[in-house]
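So, here come the structures, one by one.
In what follows, chain A forms one complex with chain B and a second complex with chain C.
Right, the complex of A and B next:
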C-alpha cells in the first residue's frame, strides 16, 4: 500500500519522460523506418551510400574528441590548482571560470568572433576549435573539480608514506583516483560537441569544409520528407555511437574507481 | 640470540629533542624530549587533542616541528620528506587505495622502491653494471604473499578493498605498511573504527606481529586499556606535554600526577596535607603512608585505586573511615560501589556484597596510598600593571586596590586562589572566556582547568562538573586578586 502511495510522486517525472524522451525517440524510429509507402530500409540505404554524410560524421567525431581532449588538458591543471594546493579563494576563481556559462551564447559568440577579427583568425578549423574549447571549458572543469576536491588527503599521505615522490603521488594516486571525473567531463562535453549546430555554422566558415553533423541534420530536416527520414537515420546512428562511447568509458571508469564517480 | 637482546636494550631508534609544534598561535606540542628504544612497543596515550597524533605525524614526516630535532637511527630527519624516511604508517581510517585490489595495495610501496644492488647481483647477467634496481615481479609476489599470510589474509590478494570488512581492511593496512620492512611502524589509532570484540582480537594480533617481526612499533591511542595491555612502554601525554613515561605497571601503580592517575584506570583522588614523613592528613583523618620527603604541611593529592580500598564491618578494628554505601553496581566479576565517607564519595571495587544504605568501614593500606605533589597551589600570573590600580590577566584589565604603590607598566605577580574563580555557562557572561581542558573530581570539589586567551591557564575549584572542551566564561572578583611586585626576567 505504502509503495503505491509513493508511486504517485513519480508520476510527473514519468509523464515528463514519456513526453520529452520516449515519444520523440519513437518519432525518430518512425521517420527512420517509414516512407509514404510504409515500412522501408530505403533511408538507411541512402545514408550508407552517402559519402558526404560519412565524411561529416567522421569529421564531427574527431573534432569532438580533439576539442574534448584539449578541454581536459586545460581544465585538469585548473581544477588541480584550485583543489590540491592550499588555495584560499577557490570558490571565487571557480565562479570566474564558470561565469561565461551565464551569458547568452549568441552574445558570447559575437564577442569571440570580434576577437578573432582583431587577431586575424578567419572562420574555419581554428576558429571552430577555439570556440568549442572556450564554450565547453567551464563544464569540463566542474566534474574534475568535484572529484579532485573529494579525494581523501589521507590517500596522498599514504602514497607518500609508502615512498612515492611528489610526481609518483600524482601519477599513481591522484590521477587514478580522479579518473571518474575525467571520464564524466569527457562525456559531458563530447556528446554535445558531436552534434553541435550553432558553433560549427557560426565559426566553421559557412561552406562545407568544416560542416559538422548538426548542420547536416539541419539541412536534411529542411529538405522535406526524404530528408526527414535520412536525418532520423543519422540521428539514430549518432545516438548509438554516443551511447556506446558512454558505455565503454563507464566500464573504464569503474575499473578506475569503484566509488565516488559521477556516472 | 642473546646478542640481539642486548642490542635491543641499548639502541635508540627514534629520538625527539625539544620538539615544539605551534598551529596558529596554539601550542599543541610543548618541548617534548623522548628516546624510543629499538624493538619496543611504545604507546603515546592521551585524550583527544593532546598532541599525540601530531607527534606521530612529525615522526612520519607529514608535519615539520616549529622547533626541535627528530633523529631516526641517529640521523637528523627533521626536514626530510616522508617518502625518504624509513618508517611506515597505518592510518586511522586505513586510507587504502580504492582503485587498487588488496594485492596491489600491499605491493604499492614495493613497486616504488629503488635500492642498491649487491655485489653478487652485479656479477649476474641481469644486473651487470647496474648500481640500483627495483624488485622483480616474483620478488614482489613473494613479499606480498608473505605479508598477507602474516595478517591471516592469504587468499585475499585479488579482492577489492570495498568487499572487505573493517577488520580485514585493517589487516591490509598493516600488511601494506610492514611489507616495506620499515625501521619503525607508526600506528595512528588503528583500532578506533572496530567493534569491541574485533578490537580485542586485533590487539592480540598486533602484539603477535610485533613479536614476530621485531620492528619498533609506535602506537597512538586514547584508550588506556589498549595501552596497558599491548605496550612495553607508555608515554602519557596531555596538553602537548609528556606527563609520564614508564612501563604499564609503573604508570598504573605509580602515577606521577593527578592527571595520569585519573586518566589511567579509575581512581579516587583526594586533596590532603602531608603532615610529616609517613603521615598524611585528608578527610579530617590522619593516615599512615609510605611516602616521605615532603615539606611539613605541604598540600598534596592522594590517589587510591578502587580495588585497593577494603570494605569492612563498621565495628572492625582496622576501620579508618566510617561511611555509607550510596550505590552498588554488579560489573560481571566484581561490584563497583560508591561509598560516602566524610563528604567524599569513594569508588570502590569489591567482591563482597554490601547493601545500599548500609553503614560500613573503610581501610587503606599505607602502600596503596599514592602521594603526589600538587602541580600548583594557586593561580599565578607574571604580568604588568596597566595603571596605578589596574592589572592585566589573560588580556583583560582588572581594577584592584593594590597594597603598594603600583606604577603603570611595572612588572607584577598577580595571584588568585583556586576557590575564588567562578565558571559560567555562557562564555560572554564572564570577564574572560576559555575552554575546559580537564576536570578531575577531588572529593569535595572538581578541579577544572580552563585555557583562556594568551595561553593563560586557570585552575578552578568548583562544586559542579564541567565537560572537557566546553566553552565557558570565567569571573574573578577584583578583590580576590592579590598583587605583588616582581623582578623582571631577562628572558622577557
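Right, the complex of A and C next:
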C-alpha cells in the first residue's frame, strides 16, 4: 500500500518518458520497416546499396576512433597530473576544464573558427580533428580522473617497496588499475563523435569530403517524406552503435567494480 | 616530485589555455568595431552591443530561449524530484528500469532523439505548435540531469523524516511539500539551473522541431546567419559570460549551502 502511494509520485515521470522516449523509438522501428504498402526491407536496401553511405560509415568510425585516442592521450596526463602529483585545488582545475562544455557548441565552434582564421588553419581534416579533440576532451578527462583518484596509494607504495622502478610502477600498477576509466572515457566520447553533424560540416569544409554519419542523417531529414524511411534506418544504425558501446562499457565497469573502479 | 609537478602543471595550463583561447578572443573582439578578427584593425567601441540590442530577431530569439528554458527546466525539476521521491520505495528491479529509462536520452545520440521526436510530433499531428513542441522536447533534455542531481541528495537525507512527518499526521502530499521540498531545495535549485543551461544550449533537437520559433542557437545556425558579423561577437560574449558565471555560482555557493544545511 505504502509502495503504491510512493509509486504515484513517479507517475508523471513514467508517462512523460513513455511518450517522449519509448514511443518515438518505437516509431523509428515502425518507419524503418514500413512503407505505404506495408512491411518492407526497402529502406535498408536503399541505405546499404548506397556506396556513399558505406564510405561515410567507415570514415565516421575511423575519425571517431582517432579523435577518441588523441583525447585519451591528452586527457590521461592531465588526470594523472591532477590526481598523482599532489595538486592543490584540483577540483577547481577540473571545473575549469568542464566549464566550456556548458556553453553553446555553435558559439564555441564559431569562436574556434575565428581563431583558426587568425592563425590560418583552413577547414578540412586538421580543423575537424582539432575541433573534435577540443570539444570532447573534458568528457574524456572525467572518468580517468575518477578512476585514478580512487586508486589506493598503498598499491603504489607496495610496488615501490617491492623494488619496482617508477616506470614499472606506472606500467604494471597504475595503468592496469586505470583501465576501466580509459575504456569508459573512450566509449563516452566515441558515440557523440560518430554522430556529430555540426562539427563535421562546419570544420570539414562544408562539402562531402569529411561528411560524417550524423550529417547523412541530417540530409535525410531535410529531404522530407522521402527521407523518413532512410533516416529511420540510419537512426537505428546509430542506436545500435551507441547501444553496443554501452554494453561493452557495462561489461568492463563490472570488472572495474571488483577492483574499485569507476561505477 | 616537484619537477614532475611542474611538468604536469605546465601541460595542464597549456591545454586549458588552448581551450579558453577562442572564448577569450571572442570576448576581446566583441569590443572591437573592426569588421574582422585581426589585431591590426582592432578599434575599441561598444557598437556591437548596441547593434545587438537593436536587432528584433535576436531579441525575439533571446526571449524565446529564456522563456522555453524557464518553463522546461521548471517542469523537469518538478517531475524529476517527484520521480526521485517515488523511486525511494521501489523494488530494486523497478528502480533499475526507471534509471535505464532516465539514461536512455542521455546516452542516445542527440540527433537520433531529434529525429524520433520529429516522427512523434508528425504522428500526433502537432504541426504548428512550435512552443509546445519545444517545451516538451527541452523538458526531456533537462529531466535526466535533474534526476542525476536530485537523487544522490535525496539518498543523503534521513529517510525517516518523510515517515516521521506522516506518523505525526501529515498526508503524503503534505509531507512531500512541507518536509521533502524544503530539504531538497538546494539540490532542486541546482538542477533547475543546470537544466536551464542545457535548454538554452540545446541546438540539434531544437533545430529539428522548432517549426517557426527562433531560439539563440537556431538563429546562429540559420543559413543567412549573422555569425560572421561583428555584432555576433557581442552575443557570443554575453552567452559565454552568463553561462560561466551561473555555473561558478552553482558550483561554489550551492555546494557550500548544501553542506551547511546538512551539518545543521
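We take it that the second predicted complex is superposed on the first by the 228 of 263 C-alpha atoms of A that agree within 3 Å, B and C clash if a C-alpha of one lies under 4 Å from a C-alpha of the other, contacts with A are read in each partner's own complex, and residues count from 1 in each chain.
Quick note on the criterion: a contact is a pair of C-beta atoms (placed from the backbone, for glycine too) under 8 Å apart; a residue touches a chain by one contact, two chains touch by 3 or more.
Nothing here was measured: the structure is a model prediction, and the numbers come from that model.
**Student:** One more residue to check, A:242. First (chain B), second (chain C), both or neither?
**Tutor:** Only chain C is touched by A:242; chain B is not.
**Student:** Taking the superposition as given, does A:172 touch the first partner, chain B, the second, chain C, both, or neither?
**Tutor:** first
**Student:** Considering only touches as defined above, state whether A:12 meets chain B (first), chain C (second), both or neither.
**Tutor:** Touch partner of A:12: chain C, not chain B.
**Student:** Which chain, chain B or chain C, ends up touching more residues of chain A in the combined arrangement?
**Tutor:** Between chain B and chain C, C touches the greater number of residues in chain A.
**Student:** Output check: A:28 vs chain B and chain C. Expected answer is one of first, second, both, neither. What do you get?
**Tutor:** In the superposition, A:28 touches chain C alone.
**Student:** In the complex of these two chains, what residues of chain A are touching chain C?
**Tutor:** 2-3, 5-14, 16-17, 19-25, 27-28, 31, 74, 77-78, 80-82, 85-87, 93, 95-97, 99-100, 102-108, 110-112, 114-115, 117-118, 134, 137, 191-192, 194-195, 197-198, 214, 217-218, 221, 228, 231-232, 235, 238-239, 242, 246
**Student:** Residues of chain A touching chain B in their complex?
**Tutor:** 152, 154-155, 157-165, 168, 172-173, 176-177, 179, 256-260
**Student:** What does chain C use to touch chain A in their complex?
**Tutor:** 1, 4-5, 8-9, 11-12, 15-16, 18-23, 25-26, 29, 36-38, 78-80, 82-83, 85-90, 98, 101-102, 104-105, 107-113, 115-120, 123, 136-137, 139-140, 143, 172, 176, 197-198, 200-201, 203-204, 208, 216-217, 220-221, 227, 232, 235-236, 239-240, 243-244, 247-248, 251
**Student:** Touching chain A in the complex: which residues of chain B?
**Tutor:** The contact residues of chain B facing chain A are 60-62, 81-83, 87-89, 91-93, 95-99, 108-109, 112-113, 160-162, 176-177, 180.
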